[in-house]
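By written order: A, B, C and D. Residues from 1 in each chain.
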Amino acid sequence: MTTSARRSKRTEALEQRPVNLDGFVEEWPEVGMVAMDSPYDPEPGVRVEDGVIVELDGKPRAEFDFLDQFIADHAIDVDATEQAMAIPAVDIAHLLIDPRATRRDVLAVTRGLTPAKLLEVVKTMNVVEMMMALQKMRARRTPANQAHATSARDNPVQVAADAAEASLRGFRELETTLGVVRYAPLVAIALQVGAQAGTPGVLTQCALEEATELELGMRGITAYAETISVYGTEPVFCDGDDTPWSKAFLASAYASRGIKMRFTSGTGSEVQMGNAEGKSMLYLEIRCILVTKGAGVQGLQNGSISCIGVPGAVPAGIRAVLAENLIASMVDLECASGNDQSFSHSDMRRVARLLPQLLPGTDFVCSGYSSTPNYDNMFAGSNVDAEDYDDWNVLQRDLQVDGGLRHVPEAELLAVRNRAARALQGVFAHLGLPPITGREIEAVTYAHGSKDLPPRDVLEDLKAAQSVLDRGVTGLDIVKGLDAAGFTDMAHSLLAVLRQRVSGDLLHTSAILTPELETLSAVNDTNDYAGPGTGYRPSGARWEEMKRLRHVVSAQNPEREVG
Amino acid sequence: MQRRCNVTPLTVPGVTTPSQVDLDPGRDYPLAARRPELLKTPTGKRIDELTMEAVLAGEVAPEDLRIAPETLRLQARIAEQSGRPQLAQNFRRAAELTALPDELVLSIYNSLRPRASTKQQLTDIADELESAYSATLCAALVREAADVYERRNILAS
Amino acid sequence: MALVAGVDIGNSTTEACVAEIGPDGDVEYLSGALAPTSGVKGTADNVEGVVAVVRRALERARRGVQELDAVLVNEATPVISGLAMETITETIVTESTMIGHNPDTPGGAGLGVGTTVAFGALGEREPGEPVICVVGAGIDFEDAAHGINAAVERGIEVTGAIVHADDATLIANRLREPVPVVDEVTLVEKVPLGMPAAVEVAEPGRTIRTLSNSYGIATVFGLDAEQTRMVAPVARALVGNRSAVVVRTPDGDVTGRRIPAGALTLSGERGKRSVEVDAGADEIMTALRGVRPLTDAAGEPGSHVGGMLARVRDTMSELTGTRADAVRIQDVLAVDTFVPQRVTGALAGEFALENAVALAAMVRTSRGPMRLLAARLREALGVDVLIGGVEADMAVLGALTTPGTGKPVAILDLGGGSTDAAVATDDGVVRSVHLAGAGDLVTKLIDSELGLDNRELAEDIKKFPLAKAESFFHVRMEDGTARFFTDPLPADTFARVVVLSDTGMRPVPTRHNLDKIRQVRRAAKHKVFVVNALRALEQVAPGGNLRQLGFVVVLGGSALDFEIPDLIAEAVAGFGIVCGTGNVRGSEGPRNAVATGLVAAHALAPELGLAVGS
Amino acid sequence: MADTGVSTRRTLRLDERGTAGPGSRTDEVVIGLSPAFGDFFTKTIVDIPHAEVLRELLAGIEEQGVHARVIRFRGGSDLAVIAHAAAKLSGSGIAVGVLSRGTTMIHQKDLVRLSNLELFPQAPLMDLDAFRKVGRNAARYAKGESPEPVPARNDFMARPRWQAKAALLHIKETEFVVPGADPVELDVRFQLADAG
């Protein structure tokens, strides 16, 4: 744009700042382009007759859309609702931040709240208060983190190596997806193998359309599922070709095979699709959260996810994103809290968006930290990627906050990357899949991304991927392959992961496996935060581990570094 | 994969083994570690029989790595006692679905999509769930969907 | 009665045949099965695949593993093949004398001759000699037309134009007096200015007449005999184009150059020969015939062929776990092919089809791990395992179960990596040969000749017939017939050439028409399979005389191809041979020959064969 | 702002010529415009003037020797609906649909509405060259040829920059929808804004 007006040097400097590449828009509440404070959101209210909710947030039952009805009949506790709704919103907010009120005390109230009431509660809170509340309401006492491991070329060797590194760096869940969908069986196997090469017990998933995702799960090639989307208005839900009932049925289908799963939703999707029905983004997201609750699903991935550009562009949008994570936790769901999509050109803004989840801790701080450079991220880029590892570790150390990761010396990383690739080589050979060469293993050991790797024979790989499905290869075959190739420890840990589906222990809220292969969930690791000096705080061995960085000057001998 | 498992008569509460077990989430969870004796695979194996040695000896089949309906009902009780009635209800529906072959599960899911089925088709599915699999909870969910879909005009025309 | 299973471990599939052998040697075949081979053929990794396929065959025969008396396994020496390709010619244009690319839509029609002038300098031009206007990048088509019209109004004779953008029709449509316009000349700034030049555009559907003819160019530029000889390559390069530009510069030239690719040394039992790779496939194959049977092949170090063979060796050494210098190449197949390559010095990104040589090489590895494999197999199944006779002998025995065959019979086993042949004479002597080059080489030729850079698509083109999606409801098959559909075809097939693969229609995203793709496909199959079939039969035929062969049975995965057996049958018909696709046991088609042969051999002489571990 | 390489030299005049009917020429491509294209809106999400967008689409079609018709659809703002309706009116069965923000689609009349021949979902990546190529490919489909699809582009940092503005533009355009309105055939004229 040409302009003749003279500009100040300072303006010119500011214009060059990356943050000005981000998009910002004005609010427009009439169409739902507003984060959480809209005059068009309904007033809270509930009426129960004969054990049935007959009026919800000012709407009589006859006018309920299918979300209203599902929420009224399945999510809200009819016995608790009238009493809970009678409590002023600000009092409930006080309860949330009052350390003397336990998590259980809060749940006794929130189980009876309507969407509009939940919205009213968080509207009384600023972000610091929300963080305090989240610290208490997170379901699992110990926070954790999840990574994406993908490859721009769908290279299984790369996925195995990055999965192993991510697993060693501390992630407890790993997610992959594909550029070429037919590659899925090989990449899912690679993820599963790589995950066990770092620390044992890391759970893996592969984001695909529902049927294939379920099939890989049933075969034990993946360990859990996450990409089961729900939406906050009826037309958008239908555009996604689902209803709360179809999704509830799918949830039971997963549980019937012993497979852990969570739903996915987030602010901004409805306005993005032009069908927000004039409601605020957060109000619609609360409906998604309650649909999840009503379906009997243990948890939810939310925090805007793929629509982050929408709340990110309006005033208080990132506050609303924190609020949606908080509300998921407030209604006793596991929360995998976003921070998983490219969000801003500005490093400063990327961190600011991250802190509200990192500081209080969530069940999974990122629902996809990119374990590759973003160019390899097949989820279209994450808020944090492999080049941010050191920054993340420093943030944890500076603030003594546990974001689930740790610094690992290069030699150990090289060792597990190499080991994962060799294990995959053995498994591929055992299963008669296309060979992995020594050159590939060498390259992937030292690689940063897919550009550093020799290309694979895609034709052979795709044929083999099909044969994995045709031959009915299962997780057990991977276990046997690992054992045959001499990676007995990895075989054991994968068998332990598979055995989990027999016991169903992982189906409970916020469940993960520890490196010792113990199940840790909201049932046996209940968040017991009760104010200063209580709850989870990094200490002992974990804190010592967090103190280590790539470059720390030795106190013993300042001419040297410890690391 | 496609075989129809025997339908165990677990639809009447109070007469089944799982509900007779004394369970306390704080003491007994995780079941695999604390109460392994309660866990059997649908093929009748004990969980501690699923060892590496057994796998290598070819004594463990993929069918052995599935969850049994009894186990899901135990976990439902743990969910219930942990204050999660919806999660418990999901586990109970899942217990019913363990008897269904994979293809049928997927096809019912597809039938529940908007504008995918007529009311009669959904009613038929519910009847089949109930009569062939004793899946009363799932049948109720499908019937409920049929009513809502009719009211909201998202049945197949 | 004895229940036995014959098992053939192939490079890509493992096949089994279950049969009952009576006390007097009569055989009742019960069932057959097929599964992918696990691991490299002939190694202990195969156990899993063998167990799977034996189980499956037994299931089909409704028998249990415990009832089995013996498993018969072929002597599976792995045959591994490698491929490489090298371009051996290149086209070079110097001083930008010629623009010979074929833009989709040139503008106007006819021939224009004049001096090249930049569009920006048109205004300074005085009326006089005719000019060709050169329109550079960034000039809008309306401005270009406006400028040319203005010049013409001032009396400048503009006879043609050369344009950077895809604007020729747009400009020609806006000229008051239309002239030929050639567009999409990407490096238009390199067109020499102030030089005599000619622009020719033919009517749609026709090709140029003047600039593709040496005497036409001579007439246009007033050349003498010697000069005309010099421009002959230019004219030749322009044949078949709808539009072209020729600029006459003092030293301009178009040359074709052969790229030295190095020498290939073939060592055989009958001596050693060296042949230059750029001499082409025929020379290489002649040299090979001279030294056959081959014991090893080597490329000149530091040359292209040296690199080529090194790549083949590396692949094989990795696959077989032997050292690269211990790998011995036992056959090569050289095939002439062509590859689309960018012309050096061209101004419009022209491509020329350059000659190339593709080379397939083959190695037989040691049979060492066979015993280990048999021992493991015995452990896994708890049954005696017998290593049967030579694979080729077994294949012949199996082939003979094809109804209507008789001795002497030859078999052709068309695989992915190698083409094998064997012949059994009346006296039961079997001769066999393994040759390099089969299905994988065909795929590679299709891929490179069509410029696909997508081996998977090339594989589909190889395996399935083509069609053109003429509307959303019908396709025109490659044989000219139409096929109609009631449901609309997928969107990405519209107006495209498609492969009718077993998983549905698959578009071929190139500008080649159906005939061209079909011709490349058939030529590739001919160059590999027909050539190899003849070569193989010649080597096993008594006295090298094909007429001595009565029956040829075609077997193997590529025998299932929809046209390869016909191509081969056509080629050997002249030798009085009955050639057809095998139908093992009258039911299995070209599959299961070796497995069946193992059972047949066992029935004839159960004492033959080496029992392992018992 | 993105460097679009365009100075606003030309203005667009769109005169309504009455209800659009089906075309009879088999060598035509219809360009279907969204309700507010070249009207309330004058440029795409990255400020490319609608005059230039339409001129490039038309040039791409003309260069292939194919005829073009421009029709405005006021009945909806869904790109698939516009492009599909336009294809139904096109004598060749081929149409280009374009939204004010620059999202573009090539459609064919026999396809189901939710399908398409080519879709360019990332409006911020649509530059003049892309619009020219869309016009060219549409014309080549109309001639029964098999054009190589215009390469799809992707940029993961488009989300933080454009996602919200795209939503706003879509909603705004939807405000100009007149339910049930007939498609209107347009006369297109480009005028130079200055003497350049």
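The rule we apply is simple: a residue touches a chain if its C-beta (ideal position, glycine included) is under 8 Å from a C-beta of that chain, and two chains touch if they have at least 3 such contacts.
All figures in this text were calculated on a predicted structure; none of them were measured in a lab.
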{"item": "Closest chain to global C-alpha mean, per-chain Cα centroids", "value": "A"}
{"item": "Furthest chain, CA centroid comparison against chain A", "value": "C"}
{"item": "Selected pair, greater C-beta contact count between A-B and A-D", "value": "A-B"}
{"item": "Inter-centroid spacing, chain C versus chain B (mean Cα positions, whole Å)", "value": "53"}
{"item": "Chain A and chain D, separation of their C-alpha mean positions in angstrom", "value": "38"}
{"item": "Chain A and chain B: spacing of chain centres that average the CA atoms, whole Å", "value": "26"}
{"item": "Rounded Å distance between chain A and chain C, as computed from the means of their C-alpha atoms", "value": "47"}
{"item": "Residues within chain B bordering two or more other chains", "value": "none"}
{"item": "Pairs of chains satisfying the touch condition", "value": "A-B, A-C, A-D, C-D"}
{"item": "In the complex with chain D, residue positions of chain A that touch it", "value": "1-2, 21-25, 28, 31, 33, 268, 271-272, 274, 306-310, 312-314, 341-345, 374, 377, 380-381"}
{"item": "Complex contacts: residues of chain A adjacent to chain B", "value": "65-66, 69-70, 73-75, 77, 104, 107, 210-211, 214-215, 218-220, 234, 237-238, 241-243, 245-246, 248-258, 293-298, 332, 472, 474-476, 479-480, 483, 488, 491-492, 495, 498-505, 507-509, 518-519, 521-524"}
{"item": "Residues of chain C that touch chain A when the two form their complex", "value": "35-39, 45, 48-49, 52, 318-319, 455-456, 459"}
{"item": "List of chain A residues in touch with chain C within their complex", "value": "429-432, 435, 437-438, 457-459, 462, 467, 471"}
{"item": "Chain C - residues contacting chain D, complex", "value": "104-105, 141, 166-170, 173, 204, 470-473, 488, 490-492, 494-497, 509-511"}
